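Below you'll find a set of structures to go through.
Okay, so subunit A shows up in both of these, paired with subunit B first and subunit C after.
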Partner chain A sequence: MSEFILKLSNISKSFGGVKVLENVSFDVEKGSRHALIGPNGAGKTTLFNVISGIHDPEKGTVYFKGKDLRGVPSRKRIHKGLSRSFQNIRLMPHLSVLENVMLGQHSRIDFVDMFKPLDFLSKSSGKGEAIETLKSFGIDLHKGQTVSSLPYGIRKKIEVVRALMAKPSLLLLDEPAAGLNTAETKKLRDFLKEVSRRGITLLLVDHDMPFVNSLCNQVSVMNFGQLIYDGPISELKNDRKVLEAYLGSENNLEGSNA
Partner chain B sequence: MFFEQVLQQIINGLMLGSIYISVAVAFTLAIGILNFLNFTIPALYMFAGMVGWSLSHYGLPFGLSGPIKWWFALFIGINCAILASLLVERFTYRYFKMKHGDATEHAIPLVSSLGFLLIFEYLILIAHGSDTRGFSTPFTNLDWRVAGFIISIPQLISLILSILIVAALSYLLIRTKVGRALRAIAENPDAATLMGIDVDRIVPVVFILIGFLCGVSASIFAINYHEVSPYMGDHVGTKAIAAMVIGGLGSVWGAIAGGLIVGLSETLSIYFFGASSAQITVWSLLLLLVVFKPTGLFGHNAIGKGKF
Partner chain C sequence: MSGYLSGVLAILGINVIFAYSIYITAATGQLNLGGAGFQAIGAYACAILSNELGLPIYLTLIFSAILGGAISFLIAFPVLRTKGVYMVLATFAIAEIVAGIILNSDFLGGPTGMIVNNYIETEVVLVVAIIVVFLGFYIMSTRIGLAMRAVHDDEAVADLMGVNKRAIQVSAFTIGGSIAGLSGGLYALYFGFIEAQYFNANISIFVLLYVLIGGTQTAWGPLLGASFFTLIPEALRIGDDWRFFIFGVIIVAMMILRPEGIVTRDALDRVWSKLFSRKSNV
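Right after this comes the complex of A and B.
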């Protein structure tokens, strides 16, 4: 039997009378690369916000590693191993690559330890760890440059590395490939496969079907706040409901350039 | 003779600037990290000085002790300023963060901090009246005469101390983890929260630093000018704001330059045009500067966005 790292059970959420999520339930298998797809406005980002604790669901429960996350603030969810990146890059534009990545370590740092004056000289500073991680993914430090001056594709990767510094077991990625060109998307895919190989479960939202097809093995499809498909990605294109949701645009589901 | 007198004024101006440096840095921290123009700062400065004077003159309240040694009285004064600063944090910044999710989109915290300024001032007025009080320390007439110029040794030490404190602060912001967290909050408090940074516990650190800087600056003033008054904050407050803007919002080192420039222009203006001209000179200089360089001398376009 497979082990589930994340279980969503009957999640409902509405904003001002509009039902954005309606009884959404699905599980994410440990070690899988799970995609969450659906047309715009289907509620994918809202579901991400519920999972990461930005919104509270009206109904339903999020279980992470078998534990109910109700009442756990987003800051503490990171602590438990649930990290995320954002649709719009949320790096600190005026800090360096290294500093941005090191910010990702803050969820693991005790409040009192932050005041150690000579910490930057010691091994516990986390600098070595950050440099190692960046190197292992082949990302240059771009010394002396602020993040805002770097190309979009690199910033996307840095954001993922920053999320990894929290040592997550589940990584939520909101549209990681959005705004990237084909070459950059391929690089990101290989990069995320490498992340997955290191034992981190991925749950990602994306519109780029070739990208999703070539990266993920599981997929959940949402439409108008409801789950309409949940299963292996290989059987997705045979599902009638999904095809209807995408209104005959089969090409959207079939990757050709992946 | 004339040049020597002007040079002496320049020396005095730089020494006066040392008072403004710490207060200007306190302003620049609040606006640089929290985007909050904290008007309580002059009151915290005055509060530290008056508490120090009261303790060294009367001793602890309710007759708990006789007059306390001047240095210990000032030490307690600094700590009182820190506590008062935390009180301001609780009822301006944190209150709005809890109620509206964002403290700085509103002008209300600024107005609330003005309220605290007046409340603190009038509490002191009720307690001690409006008179200027003499603050006695053993350091009188400790002058150093070099080539005909008079340099007050306590003032020189104060200037060096001010710069050292700012250097330490700059080090804290650049080198330590709490500094990195503060700079992250300056750039984007929401994203910082999602990084796992405990913003609610780190923001009070800024207010502790503000209280400390005000307290130190007031102590330096009391030691060098041998007096304190309930209005001492008003004089320093406006000059420190000018110093902050001249140096560049959010720039800690800019605040040093701004403080020294304001101190210099004040003493030179008084020397050449009389006592009433000081404010006109300082603020005209500021207005001219912002026309030609709106960011101040060391400021950046992104005002207060993690540039230290």
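Right after this comes the complex of A and C.
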């Protein structure tokens, strides 16, 4: 029997009378690359916000590694192994690239180490690890370089690296490929496959079907706050409900592997 | 050292310390427009402990810092519930309350002020200023400093990264209050006389300007900002009648030319790489 890292059970959420999520239930298998797709306004980002603790669900439960996350504040979820990126890049504009990445380590740092000056302790402070991780993903930077000077694709990648620095067991990615060109998307896909090989479960929202098809093995589809499909990505194009409600025609689902 | 130079240096030292008190809070994205109130708390604590209990100078200064910090800590919880311009107004109101209490208290000398029985030399002020500057740089160089800057940039994301936003903000506000208290204690001991009217809104506005014009992105900001604001008006004394006019023009020009402050991270980075021509990886 497969093991589930994340279980969503009957999640409902509304904003000012508008039901954004209605009884959403699905499981994310440990080690899988799971996509969450659906038209704009389907409730995908809201669901991410519920999982990461920004919003409390009105009904339903989020189980992470078998434990109910109710009452666990958003700040503490990263300590449990739940890390995420954002739909719009949310790197800290006044921090250098390295500092942004090191911020990702915050949840793993001992209280005493919080008081050590970073510039004099390249190894023990996690700085070395941050530099190595950036390098291993092909990001080599000039000292102190700020985030705003970098191209969009690299910033997107840095956000993922920052989320990875917490050493999560589940990584939530909100539209990681949005705004990337074909070459960048391909690089991102290889990068995320590498992340997945390192044993991290991925749950990602994206609109780029070729990207999702070539990366993910499981998919959940949402429409108007409800789950309309949940299963292997290979079966997706045979599901009539999905075709009618979301994609309109079969062609959109096929997407080459670029 | 001439009396004039020594006086300017002492004021510079006090202003630099005061600037770091506001900077530590501003580095987490909180604007404190009540600096004068916390400085007054430190000044009066120092004066009373000197006059009534005859405590030695170093003890009175330590108590000034402790009292400034303790009162900041207590009011941090309600004040930090407010944001942006509301926080500015809340801290401003606190300074007014402090001034009001002093003016109406006979024990504190009311509007006639208070003579302080102890006295320090300029050197003491400068040594304490150097320690505070190092403390400012030290805090900002740690992960605590990193977390503070993260809270400044994006509270919600910092929270999701595991940063305890509230603890960071309360600590920064408390440390800021305690440094402001210390600067007040030094002021009382150096000038030997304190009155509520001195710790007015102007002082609060000026110290906030030191920090904002100096730049809140690095620990260099308050040092440069306070020096700029203390020394330029002195240098402009030659122009006498026009000096405040010229000074005003300089401030407006600074705000237009360097809206993020004199020292920004990018500027600092450019200077470093020019000085050491380091293009090495990270």
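The definition used in the following text is that the second predicted complex is superposed on the first by the 244 of 258 C-alpha atoms of A that agree within 3 Å, B and C clash if a C-alpha of one lies under 4 Å from a C-alpha of the other, contacts with A are read in each partner's own complex, and residues count from 1 in each chain.
Just so it is clear, a residue touches a chain if its C-beta (ideal position, glycine included) is under 8 Å from a C-beta of that chain, and two chains touch if they have at least 3 such contacts.
All figures in this text were calculated on a predicted structure; none of them were measured in a lab.
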{"item": "Simultaneous placement of subunit C and subunit B on subunit A, clash or fit", "value": "clash"}
{"item": "Which superposed partner A:Phe111 touches (first subunit B, second subunit C, both, neither)", "value": "first"}
{"item": "Subunit B versus subunit C, judged by how many residues of subunit A each one touches", "value": "C"}
{"item": "Partner chain(s) touched by A:Ile131 [first = subunit B, second = subunit C, both, neither]", "value": "second"}
{"item": "Subunit B versus subunit C as contact partner of A:Leu243, first or second or both or neither", "value": "neither"}
{"item": "First, second, both or neither for A:Asp140, with subunit B first and subunit C second", "value": "second"}
{"item": "First, second, both or neither for A:Leu98, with subunit B first and subunit C second", "value": "second"}
{"item": "Doubly contacted subunit A residues - partners subunit C and subunit B", "value": "52, 54, 74-75, 78-79, 84, 86, 90, 92-95, 99, 102-104, 106-107, 109, 113-117, 119, 125, 162, 166"}
{"item": "Parts of subunit A lying in touch with subunit C, wherever the complex brings them together", "value": "52-54, 74-79, 84, 86, 90, 92-96, 98-99, 102-104, 106-107, 109, 113-119, 125, 131, 134-135, 140-146, 162, 166"}
{"item": "In the complex, subunit A residues that touch subunit B", "value": "52, 54, 74-75, 78-79, 84, 86, 90, 92-95, 99, 102-104, 106-109, 111, 113-117, 119-120, 125, 162, 166"}
{"item": "Interface residues, subunit B side, partner subunit A - complex", "value": "171-172, 175-178, 180-181, 183-184, 187-188, 191-198, 201-202, 302, 305-307"}
{"item": "Complex interface listing, subunit C residues touching subunit A", "value": "138, 141-144, 146-147, 149-150, 152-154, 156-165, 217, 265-266, 268-269, 272-273, 278-282"}
